[in-house]
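The following pair of complexes shares a single chain, chain A, combined with chain B in the former and chain C in the latter.
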Partner chain A sequence: MKKATKKTVNEAADWAGANSALYELGGLVIVHDASGCNSTYATHDEPRWDQIPSLMFISALTEYDAILGNDQKLIDQVVEAAEELEPRFIALYGSPIATVMGTDFIGIAREIETITGIPAFGLKTSGMNSYIHGASQAYQMLVKRFVKPSDHHTGINLLGVTPLDHYGSAVHLRRFGAAHGMVSCWSMGCIWQEITDAGQAAVNVVVSADGLAAAEEMEERFGIPYCVGVPIGTAGSKAMSELIEHKKGFLHSRKPGHRIVLIGEPVQMHTLAWVLEQRGWDSFRVVSASEQHVGNMVQTEFEEEIAKAAADAEIVIADPLLRPICPPQARFIALPRVAYSGRMYLNEIPDLVEEAGDAWLEANQL
Partner chain B sequence: MIKLAFYGKGGIGKSTTVSNVSAALAEKGYTVMQIGCDPKADSTINLRREPEKAAVLDLLREKNQETTLEEVVTRGYRDVLLVEAGGPTPGLGCAGRGIIAAMEFLDDKKAYEVYHPDVVLFDVLGDVVCGGFAMPIREGYADQVYILTSGEAMSIHAAMNIALAVEMFQKRGYATLGGVIVNRRMVNQEEERIAKLCKDIHSSVVGILDFSKTVQEADDRHQTVIEAFPDSYAANMYRRLAEELLENAHD
Partner chain C sequence: MTEPVLPIGRVTSDAPFESSLEFTPQTRGTWTIAHTPMLVPGLLEIFVCPEGCLRGVVLSAAEDRLLDRFAMVTVKEEDAVDGDMEKLFYEGVCDILDAMETLPPCVMVFTSCVHHFTAIDLPYVMTHLRKRYPQVDWIENYMNCTMRQSKLHYEEVTARQWYAPLGNVEKDPDQVDIIGNYFALDPDSEIYSLLSDQKIYDLPLCETYAEYKEMAHAKYLIYNMPVAKEAARDLQARNGQIPIYIPYTWSMKEIEADLDRLADTLGIQRKDFSRQKELAEKALRKTARLLHGRAVQIDYSATPRPLELACLLLEHGMNVTTVYSDAVLPGEQDALQRLRVLAPEMELRAAVHYRCRLWHDLDPDCLAIGQKATYYSGTRHFVNMVANDGLYGYTGIRKLCEQMQDALFYEKDPAMIEIKAKGCFG
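Here is the complex of A and B:
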């Protein structure tokens, strides 16, 4: 029972991460799963669901489809929908059921692309990994399939701006990006041309682990370097501007310990630790469920292990739903995330960028 | 890198043939990786040297993602790299899904980049009975499929099924049919039956393996004929087949 979740909840799953990354891009997205499971995404993980239309569907997989491997039904339905909706691209990926069936989304996507002539791709999601795993794959695939190379490079791409991690900061992040000649923002508030033009940027700015794989892919394909961090507070903003100028670097604290434990998305938590260090604090521990290690962090999704990592903390900064497993003697500072508590604390998710971040830090006596 | 998958009715001699082809290619200086895709984990018996290593799925069951490549890849006769996918507890789980998990494990751990084999041979259980057993012919795995058959009716029937599956998956960019390997059983009208099969599946015979007691004797010693009887007619038979497969792959 060590891995059981008794007092807390699970983070958004990989397929929700992929959905979040692709939501505003005009593609037809099919999650191969039993009908009804999309409500988890729509009601918990996607605050844009009732604000911005998107072509996201669940395939309504049945027991006999699963047993008999009825891929043709899925293919026919996707082709029919694509002919009607004329999406920019088609993305297919799976849930735990499709994973157990071993559905080959890459092969099916190839078949659909041949029939429809619309770019189609499959992702390897299983519903058993973190949202970062799914969003990373989606962004990396966009680079592989749609970003055009360029001979001239100027400005920046912001990589990893999804509501799952940056709901409160997204608008401000775009403003920060615009001040640095932003070419694209992946992918809240993003128009399609931003994605295809992203190869024109001089540097990629990875603001969450969701964007790391895409940054690495763009570095390999187009020679675009990247830096990692979030412009949290005026100090973080200034530091990020310097990293952008140097076209490299990663904002993180060099004072490890266990006095201040930060639980959440690793790029954001490392940056927050760096900002706190500038403000005179020390002894930081970052805890994250992200399978992609970013800097020095405790990687775990399990309640007991998170509780153990936070056991000696004086201050814990985490989503409010983690409060029950944090030590009672520690000062708990709530930093809600859509990826963890969904819409429960939506209005309390702070904007951490530039001066707004300073205000949040001061309000929390940090 | 050349990647080939071998299918055919159970008991037709796939593992014996694939092991001998591995040995013949290794003898010529190629780095060969043989991957047994059968829950029984018995594909590589005739090539093994080191103490038996656990199959991929046995280790995944115990250690999950902490399993390392070194724990599942062993070196056999002339350094052939040996891997057994293994399978679930008999009577439980899903063997086909197990093959997918084992193949994905090798992929995730970058087995082909780490060991740089010139040739990878997938020895697959019997027929393409479910999605899992089609895994070795998915994009990124084998490039060509070879079907082993005799002139026996059930073997021909299985060969037809395999060829149909391969044809059906062409739309998904899966492996193409490389040809038919005949493992003679000296049944009536064997040649005619094979010829009809080839016509029906639009393929051709790439190699003929005569029935040989020498192969059986080598099997009894848990060796390939290439190792046990290197100067035998049977050993040369497999060497010719290996050359034919290489030529076919390069075409």
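Here is the complex of A and C:
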């Protein structure tokens, strides 16, 4: 039965993705939940929790609030905190119980904004979708509410840089970005002005699926084109530079198959497949839980289906916690991700960008 | 809005802080709903929940190398609205068990808040699971953190459910169970000394499922944590076992009275513990001398009676400046009244109020007892105590003093308070 999981874990949920996207941006972020969501996120999904301060809280929802639909309590508490903490913006979204309650986060946010004068928005998270779903909404909302149009365009924005997918590569990604006249990096190491100035970029570079919706929004609003891929290894970096110059393109392999199965965030996995193809490998299959389809991929979050997709693989590249369901005859290459194994292998998450990626590939005989 | 910090002299109610948005400090040593059932040897946990809820419990199991005793069924949005939750639950659990080479002796299934609010017919599901797998002991449990104001807190329910498979069997008058703790009661404690002729069963010490089931034979149950009250009540109602509440108290007077009460209830001879009491007093005096006025901070995750501990230390000349607790806990009212006279300026600070987010390095030179006190003070001199660590009585006081002395001289890495469920390993 596909929804039963016996040996592995599951990915971070949508509200964790939204949290991760908004973490460093100075907003007041409230997850409407009893208690567990924030604890889970702070422990497993947010390596920055103790290093960088944030204003992320839980609403401490009780059964009476749920049964009686006590939105006023939430509004009052948020208004009080906002008036004291003076955040740049306020974001509200929820957990499964808020979904069952039918909480109108958009309406509640509108009311809070009217009272406080602080920009506020609601997102549709339910705790029943992947982190990409949540982060994607958060980034898209930032475009809609805060990015200013510009008459001149130069440089790039990096979209989709969160620790969930790029913990090991974030610093190097920013360096790559800087070498291409980076206007903003969404959103690790990002200052607020980068976000509002993002409309000045000439091209968006989508480095993970959660940046796609923001890229499409900026294309529609400001005419900024985008390309998709990660500068993995020297080859990937050179290829991405060309995509940036041409202001379009999607770095992915054109040799589908099943001999090499890559399981993880789809943009990164597609790029890795392309890089491996340049190094003489072929027959790739990308498997991802992302609801946002990226290229040709097997979309699933369920253990049984992941195992089936990898059943004939000769090489599997995936988070170490997926090893138990991969075929024993396949060579397993560990590529940990915070979005999957949380903090368990934090120190082993590699930097894959430019020459660091080459070193990783060499070390893994790829 | 009330500030989340008050001088204890101004605390007049059990809930001194208004409800607010809540912050999560990075202190993870307390055991969660994913960890505590693992105390039952051989038990398999199956969580049937949305993925956001599953994330915390499954990674808890993974970090503690317990994934072989953990499985889950993912609830998606369509499951919450299409009215087929019972089918998902039943088929998912069956799928998990049917894939196992050997069935576990016991399975604990967990629902989440969503099930409660969509009114799943759990008894129907459990009836069919019991019918299909009669050789398994089935336990229902509920990860419904939303139930924060109900008559029974969900943690009390969980503690009760640890003992659900224990049936009504013949009682052994010489057997006593210790229930409700996730750490074994200290075998050096006066309780063990008093019960030297009794057979004692303590869940954390059970190594096999058969040994765990032997707990049903105890005539008497001792519980130390207030959260175990419901478990005690249930075992009394179902099995006729007689509960005796011997709280984790720091009051010398109460320790003496409780030990006498325990002896009298069991019909055994009282013992003289004046030597242990003297050693405790000596340890307290020595600790006070070594501290030399250094501030001490305590929190509620270290002990269910943080105010009482504060009283004990203050009465022995130590400078307790702060207690972190979001409420005045059960059994602490006397301690509160004493503190209002003894140290009216001592601070009572909330631990999860949103303003706590702004508290950093409140007193890095202090000695902290408990993880939240450690976190907020910023100290590297701390006693990493969780849920009393099984310490009881005069011996418990002496041992705590020894840990305080050790903490005074030796720094610790605060990263240890981020390890989930102190002491729980697969």
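By definition in this document, the second predicted complex is superposed on the first by the 364 of 366 C-alpha atoms of A that agree within 3 Å, B and C clash if a C-alpha of one lies under 4 Å from a C-alpha of the other, contacts with A are read in each partner's own complex, and residues count from 1 in each chain.
Rule of thumb we're sticking to: a residue touches a chain if its C-beta (ideal position, glycine included) is under 8 Å from a C-beta of that chain, and two chains touch if they have at least 3 such contacts.
Just so we're clear, the structure is a prediction, and the values are computed from it rather than from any experiment.
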item	value
Partner chain in contact with A:V100 - chain B first, chain C second, else both or neither	both
Partner chain(s) touched by A:G69 [first = chain B, second = chain C, both, neither]	first
Which superposed partner A:T40 touches (first chain B, second chain C, both, neither)	second
Greater chain A contact set [chain C / chain B]	C
Partner chain in contact with A:E111 - chain B first, chain C second, else both or neither	first
Footprint overlap on chain A, comparing chain B with chain C	100-101
Touching residues (chain side chain A, partner chain B) in the complex	69, 100-104, 106-108, 110-111, 114
Complex contacts: residues of chain A adjacent to chain C	1, 3-16, 30, 33-40, 42-45, 49-50, 53, 55, 57-64, 66, 77-78, 80-81, 84, 95-97, 99-101, 126-130, 301-302, 321, 341-342, 344
Residues of chain B touching chain A in the complex	94, 96-97, 100, 130-132, 134-135, 138-139, 169, 171-174
Chain C to chain A touching residues, read off their complex	1, 19-24, 26, 28, 49-56, 58-59, 62-63, 67, 71-77, 80, 88, 91-96, 99, 112-114, 117-118, 143, 145-150, 352, 354-355, 357, 418, 420
